[in-house]
Amino acid sequence: MKAAILLFPGINRERDMVLAVRQSFGAEPTVVWHKETELPAGTDLVILPGGFSFGDYLRCGAMAAQSPIMRAVKAHAERGGYVLGVCNGFQILTETGLLPGALLRNAGLRFLSMDTMLRVERNDTVFTNKWEKGAVFRAPMAHGDGNYTADEVTLDRLEGENLVAFRYADGNRNGSARDIAGIFAPNLRVLGLMPHPENLVDPLMGGTDGKPLFDALAAA
Amino acid sequence: MKAIVTVMLKNGVLDPQGKAIGHALHNLGFPQVGEVRMGKIIELELAETDAAKAQTAAEDMARKLLANTVIESFKVEIAA
Amino acid sequence: MKAIVTVMLKNGVLDPQGKAIGHALHNLGFPQVGEVRMGKIIELELAETDAAKAQTAAEDMARKLLANTVIESFKVEIAA
Amino acid sequence: MTQVNADLAKSFGLNAEEWGKVLEIMGRTPSLTELGIFSVMWSEHCSYKSSRVWLKELPTKAPWVIHGPGENAGVIDIGEGLAAIFKMESHNHPSFIEPYQGAATGVGGILRDVFTMGARPVANLNALRFGDPKLPVTKRVVDGVVRGIGGYGNCVGVPTVGGEVNFHPAYNGNPLVNAMTVGIAKQDKIFLSAAAGVGNPVVYVGSKTGRDGIHGATMASTEFDAASEDKRPTVQVGDPFTEKLLIEACLELMQTDAIVAIQDMGAAGLTSSSVEMAGKGGVGIELTLDDVPQRETGMTAYEMMLSESQERMLLVLKPERSEMARAIIEKWDLDYAVIGHITDTGRIVVKHKGVVEADIPLAPLSDAAPLYRRPIAETPKPAPLGAVDLSAPLDEALLKLIASPDLCSRRWIFDQYDSSVGGQTVKRPAQADAAIVKLEDTKRALAVTADCTPRYCVADAEQGGAQAVAEAWRNITATGALPLAVTDNMNFGNPEKPEIMGQFASAIKGMAAACKALDFPVVSGNVSLYNETEGRPILPTPAIGAVGVLEDAAQAVGYGLKPGLELVLVGQTKGELGRSLYLREILGREDGAPPVVDLAAERKNGDFVRTQILSGKVTASHDVSDGGVLVAVAEMLLAGEAGAELAAEGDAAFWFGEDQARYVLAVSDANALLTAAREAGIPAQRIGHATATEKLTLPNGIAISLPQLREAHEGFFPQWFA
């Protein structure tokens, strides 16, 4: 699997993502500047990492969604390419319309930086097949706007079509609707989630709970 | 001209900031406060002399960037 | 009644958000955009029938909580 | 037109004698812009006029020191061709006026001091002191400061990994916000600020200049009073997004050979950066302000020279590389403008709209800067602690202590700081005595900490100064790392009062002795004076930030306890309760002498502990400081997954005394450790063992359940902000 990591100004977890991908893929991902209009030839997986693209001024992810590279990402997704958005990356995917809903300010209006537990809602996807269904794993979160929201119809559809990827399993700190921490697009090839599996891929940094995500992608 | 774009969360979308402000106002001794909604206001200087054109342009900007119409609604006013 | 409190950064205070929005609008193909300032708007439902009293109360709330008067100024409008 | 005269000079903070010197240097009445330049360069903040004679006493050299004080930040060798670059800086006054922006811009400022030298910032810390938590204003300040530090640090993507927080009524109206940044650079890619090369372009990079913070440097150098309200418009707003761009743009530019010299525009903005760069290089500088990127219309030369708009840098470039540099800066959407050039005149010349607005000889501007050896009055040594009532039950005292604002969990604070961004954080807050941050692509790691105990300093500034250094050294040692160097932030009251200068001088004396004894040189620092409200000074607060190194990050130990381990107390316990938290929180007393700092014992015990850790025999380690041994053990339980049963004999003075140079180590073989200690001549005793139960059993048999302990420890902040 050939991975491209997008770099928008203000993104700050791209190095973390490079480390996680490098470790599982055994190959170096390409980092792509947001002003590019094409993805590198042969890109299978596009990763939108975390951070504060354009300062998250106005709305998280809103300005990044308008970046030139996002047209190529949409085309990639329409072709059935894989896309992973983490934290700000998830926000950018909702702003772009590649995933439904939106991420509002955390219910408590404070930035939340701590470990959280995530439950794997389905394991028959290219992202989650290294976990058991229902498995609970630890993932650090670090966000001010992770409060997932969508209208009831959309939420029901997400549930009905089994598109919820992860739910918070140890309390819902940010106020997300139905404890949703991550969702898939209907083709199961686009995943967005708020917490950071890429920050738990090394025992030295506290554990390897997040590694199955990258191992699964590497094997796909 | 100046365009003033007001962006509010749609009815029915939970407003964590509005809720927190309402709570804080009660604690500060303002029991008369009922629902609170918080939104954004964006003032744009436009190099434009035609109010109708300014209106159209600002609406376009709101749809493309300033508001996320999944959760927000907007309103544009033109001032001289 | 409804009080609408608009809070803007004072003149001369750096507005990083406004700056970034202006920049993004240019990139989106709106060259006519000049200065952009971003502020907050807070809509309060008030259990109050007297407009003058509502105005005073809302101003009080703005001074105490809604605006940071060190760097922001505010304006209150009362709607029915 | 403003009349420039002695009265105006006075309102700018220059006294009659200083004004006389200005006239002598200039040989004429200075222009308003010139007066502004003198007033900020000669302010306490920029000139260190009251503190310089004392700072010279600090040891600053060691074989591993690459650049000591005098540069934007200190630089030390951390092995493998890498350097750690770090400094601490205060933003006290702005943080009281506008807590969010004051703290945020404090973080932004210290980041710039570090990346201007070529380092990628890898860790932020903050040392905070607030007033009485019962006052509503304290809550507002804490909330704003914490949000501001998080708002800025989280956005720029530098993990905030440590810090400290104290409360004391002496900080009412004058909180302390000391921010520290640690960065990493290659030793052969370190950038300095001395300008060179006549004709080389002087380039402005970053945000546009507005009227922000004009006279911020002089404000930071005067006391607070009711009139401070009027100084509010000087508040600066931070733009962390632009800072992030600036970091990336500067680091990218530093990969090339374009830069001759670089300096952030900090306090006194364009004035101090241009004066310092040209002054250090022994050259002259000419600026044309018309080309300065401006955010507002109609700005005057005076305003542009004194503006403290944030997120700006000043560079001297090689002319043939300037177009390439422009391309890099503009790629990051930052302003780039050539605003002058280097000359050989030894003068700073400022032109605006065709008029020479300032023309000042640089050498006298710095050489003739005022330097005061102000009168000092030493604080009398505190009377020895009289009889102390030790009758409070141990369990009740412990629960009360660990729930108190100075000892309770800081989780509510650090949960608002992104501590994992960067993917290198080995030990986060509340896991180890120092935060551990790995150096990417190596096995090495840095250990970083910030420490000071102002309640000791106010009783005995010399002991307090030594203690602050010793505690920082101990915190690094307790992780297994080798302590290398410190940065300091000297926060004191009005230096014109002899008793304040006495505190300052004594603190320096204590710090210097500790730094010498521990081979722990000072490589950078900052002084913040006039920390008073209506004439009442803060507690003397010489905050110490420190950095150590581990050759193998995997060897770092934290203080979380696991069942089955034995607990050994290393170091001598006499039961020193003077100025202890036990005395203050349980008995309502703040008297006696602070604990003695025995630097020889500190060194010996610490070297022993580090050796034990690096030999792999220690599973958990915690230094003993605030609250004494029992609090240390409680913290080890709360950070781990074990209970404990304590066995040592001792009264409250034993369990809560704050004797220095001590550690609690958790090992699987206590006898081996005790034997090794005996052979090294170091006092050590077994005090109990860790259990698989959910409780802490005290020597008297009384047990406290861990949930109860946790509830007491975690309660304060969440309840305060509920």
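Going in written order, the chains are labelled A, B, C and D, and every chain counts its residues from 1.
The criterion applied here is as follows: a residue touches a chain if its C-beta (ideal position, glycine included) is under 8 Å from a C-beta of that chain, and two chains touch if they have at least 3 such contacts.
Computed from a prediction, not measured in an experiment: that's the story for all the values here.
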If you tally the C-beta contacts for A-C and for A-D, which one comes out higher? A-D
Cα-centroid distance, chain A relative to chain C, in whole angstrom: 33
Measure off the straight-line distance from the CA centroid of chain A to the CA centroid of chain D, and report it in whole Å. 35
Cα-centroid distance, chain B relative to chain D, in whole angstrom: 41
Between the Cα centroids of chain A and chain B the separation in whole angstrom comes to 29
Two or more partner chains touched - positions in chain A: 54-55, 57-58, 63, 66
Got the chain B residues that touch at least 2 other chains? 40, 64-66
Each of the following residues of chain D touches two or more other chains, namely 239, 241-242, 333
Listing every touching pair of chains gives A-B, A-C, A-D, B-C, C-D
Listed in rising order, chain A residues that touch chain B in their complex are 58-59, 62-63, 66, 94-95, 100-102, 104-109, 147, 149-151, 175
Contacts from chain A onto chain C in the complex sit at residues 54-55, 57-58, 63, 66
Can you list the chain B residues touching chain A in their complex? 12-17, 20, 40, 64-66, 68, 70-71
Which residues of chain C touch chain B once you look at their complex with the stated criterion? 6, 8, 18, 21-22, 24-25, 28, 30-48, 57, 60-61, 64-66
For chain A, which residues are in contact with chain D within the complex? 9-10, 12-13, 15-16, 19-20, 50-52, 54-57, 110-114, 140, 142, 144, 196, 198-199, 202, 204-206
